[in-house]
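Note that the chains are named A, B and C in the order they appear, and that numbering of residues resets to 1 at the start of each chain.
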């Protein structure tokens, strides 16, 4: 119980004093996760829209695999990217291991299937309604994809939020490819893991509270964008 | 929401949409370009090291001294000794600083590392609940303590992760002629985690465990746990430093890495290590043999 | 079965000059879906310049026939000719279709029309002009930037029709466009159709509404069980239906 109380006190203290250490790792967490989600959104929308509209052999299998990859354990995503970026691996020459870029790549691997699968679902649902009308208008498959993505934008923001939630909260992938190096690749989640292992339960919990508050703030920001979009763009 | 018409504002929807997109883009760009998260200087080395050193806080104490002197930034990846050596074998580090002498010697013998240097030591200790159900307090002999724990079948938390501490613990069981692994899942609990996580588990489960003294002293979640056995020569915990072989991995920063190893075993480095204390207690004891 | 010596054959040119190539011709057309023959050997030649109504009980295959003619689905047998040419993608781009349930994009009223024109490759400048014209036509200028999906049912269908007309089709298909509309909205749609027909757009409309068919149609096609039972001038079809099915249908009875 004292840990709980201490955690809230510590969290408040960290925020009020704008603790530079906290600001640094919080900033890195946001930078890595937001960049990863931005990249994963572009990829995921393209993949999801394409899968919803185009018919090709093996499409069902791809959709099933994508669904399964939504549950890809972060550690596995981290390991895959580690093996690629390691100096003994095929992309070792890029010297990206233990950098924020490596963490972004790992989170892109983690988040893209989530955004792709949810976008695909959203586009498929819309397509059911739009299909004949769009084909009657003479839309090419590519134009259909773009139409569906734009008209499905509210559900796509949900997909992006789901991806962001996954990215900001995961520790396994960034730990392996980032290495949790102080001032370089230490994020909120790896710092929480480290403080826990040091037995600093209250501080770890405090960081957790700050992370949660940040996630809530980002969600609120995205939701207000979504609401704005809703008002502008004719649900 | 009103049925229609009321949603139209003076600013055209198209323009407002563009404004939102531009704002989002600017935010992302600002995040990507913002300074602070990434140190701009390229002069850095990666040290594959152990959680026991990181958790003890030693790096935070000595690395600023080295960086100030040489301008070389040291980036520490703290994992178990086994994983640290494996990562170094992949070329993902310039220096290893770990604590499992047989593994280190094999690492060098196989050509992955250059010369191995003794850097420092501290002691392993057996910690456990104050109630001490197996009655091992104040024993001078680690073998005897383990025998008592095994006989009483009181819980014992093992790292179980191939780390230096885990290797040392395995050696102790072997010396005591006890097959603890046989009771894995019973009284013998393999956490497969770092030192701190294992200590957290031990405290939660009222289990004895073997830990290095450095991590123990800096550990904040001790509960009612105490050091019960210490001082047996078998509990000696030697740390060694090795430069990764640049012939195996051309990306290894041999000069800067060697500078770090040299500094660790220099009188400056050794003094820095000796000066790290928690509550007045020294955590690591330098024992490099210059020229050796 | 269609009588090859039917009085309508060869009378198409009597309705003045028009752009739309005619006739619309079906030859031994079959469409099979999950083992069931939905369109059964349909033979048809539409040569009238006015509005053609397709009537028949539920499940007669009217909507399917419309989709086949518009190229949304491919026949499993037979062929469709338009102005003597085999139906293809290029030809279907000179057509437009309005569906029973209005399909509106999640965009503004104006953007719905604009996007449709964009998909048909209409240039930006021309698009703006046609959007304005279509809004005026549908009397929806006030709602140009209103989300299309908050319009009332009648307005939505008017928008769909205006959107279809903005494409300047030569042939327009409508699938029960007023089935769920109130009389005033239905009247508005019918006015637009009559106006479009005056501008020489060939219109083929599926309708359940006998009154509507009487008001609009020049000729009527009666379908039952996937077959075309009758095709004749509207007056003669309504006054003296030749088939048992059509008689029962027009009398408001159940058609088995």
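Just so it is clear, contacts are C-beta pairs under 8 Å (C-beta built on N, C-alpha and C of every residue); 3 or more make two chains touch, one makes a residue touch a chain.
Computed from a predicted model, the values in this text were never measured in an experiment.
Peer 1: Quick check: more C-beta contact pairs in A-B or A-C?
Peer 2: A-B
Peer 1: Measuring from the mean of all protein Cα atoms shown, which chain centre lies nearest?
Peer 2: Per-chain C-alpha centroids ranked by distance to the global centroid put A first.
Peer 1: Tell me, please, which chain's centre (mean of its C-alpha atoms) is farthest from the centre of chain B?
Peer 2: C
Peer 1: Whole-Å distance, chain B centre to chain C centre, using C-alpha means?
Peer 2: 76
Peer 1: Quick one: chain A and chain B, Cα centre-to-centre, how many Å?
Peer 2: Measuring from centre to centre gives 28 Å for this pair.
Peer 1: Taking each chain's centre as the mean position of its Cα atoms, how many Å separate chain A from chain C?
Peer 2: So the centre of chain A lies 48 Å away from the centre of chain C.
Peer 1: Residues of chain B touching 2+ other chains?
Peer 2: Each of 7, 13 in chain B touches at least two other chains.
Peer 1: Give the residues of chain A that touch two or more other chains, as numbers and ranges in rising order.
Peer 2: Where chain A meets two or more other chains at a single residue, that happens at 233.
Peer 1: Of all the residues in chain C, which ones touch at least 2 other chains?
Peer 2: Only 108, 146-147, 150 qualify.
Peer 1: What does chain A use to touch chain C in their complex?
Peer 2: Within the complex, chain A contacts chain C at residues 129-130, 132-139, 143, 147, 150-151, 153, 233-235.
Peer 1: Under the stated contact criterion, what part of chain A meets chain B in this complex?
Peer 2: Its residues touching chain B are 24, 27-28, 30-31, 34-35, 38, 86-89, 92, 95, 97-100, 179-184, 194, 196-201, 225, 228-229, 231-233.
Peer 1: In their complex, what parts of chain B are in touch with chain A?
Peer 2: It is residues 7, 13, 16-17, 20, 24, 28, 31-32, 34, 36-39, 46, 51, 54-55, 59-60, 75-78, 87, 89-92, 193-197, 199-200, 218-222, 249, 251 of chain B that touch chain A.
Peer 1: For a test of understanding, state which residues of chain C touch chain A in their complex under the given definition.
Peer 2: 67, 70, 72, 89, 92-93, 96-97, 99, 103, 105-108, 111, 115-116, 119-120, 146-150, 167
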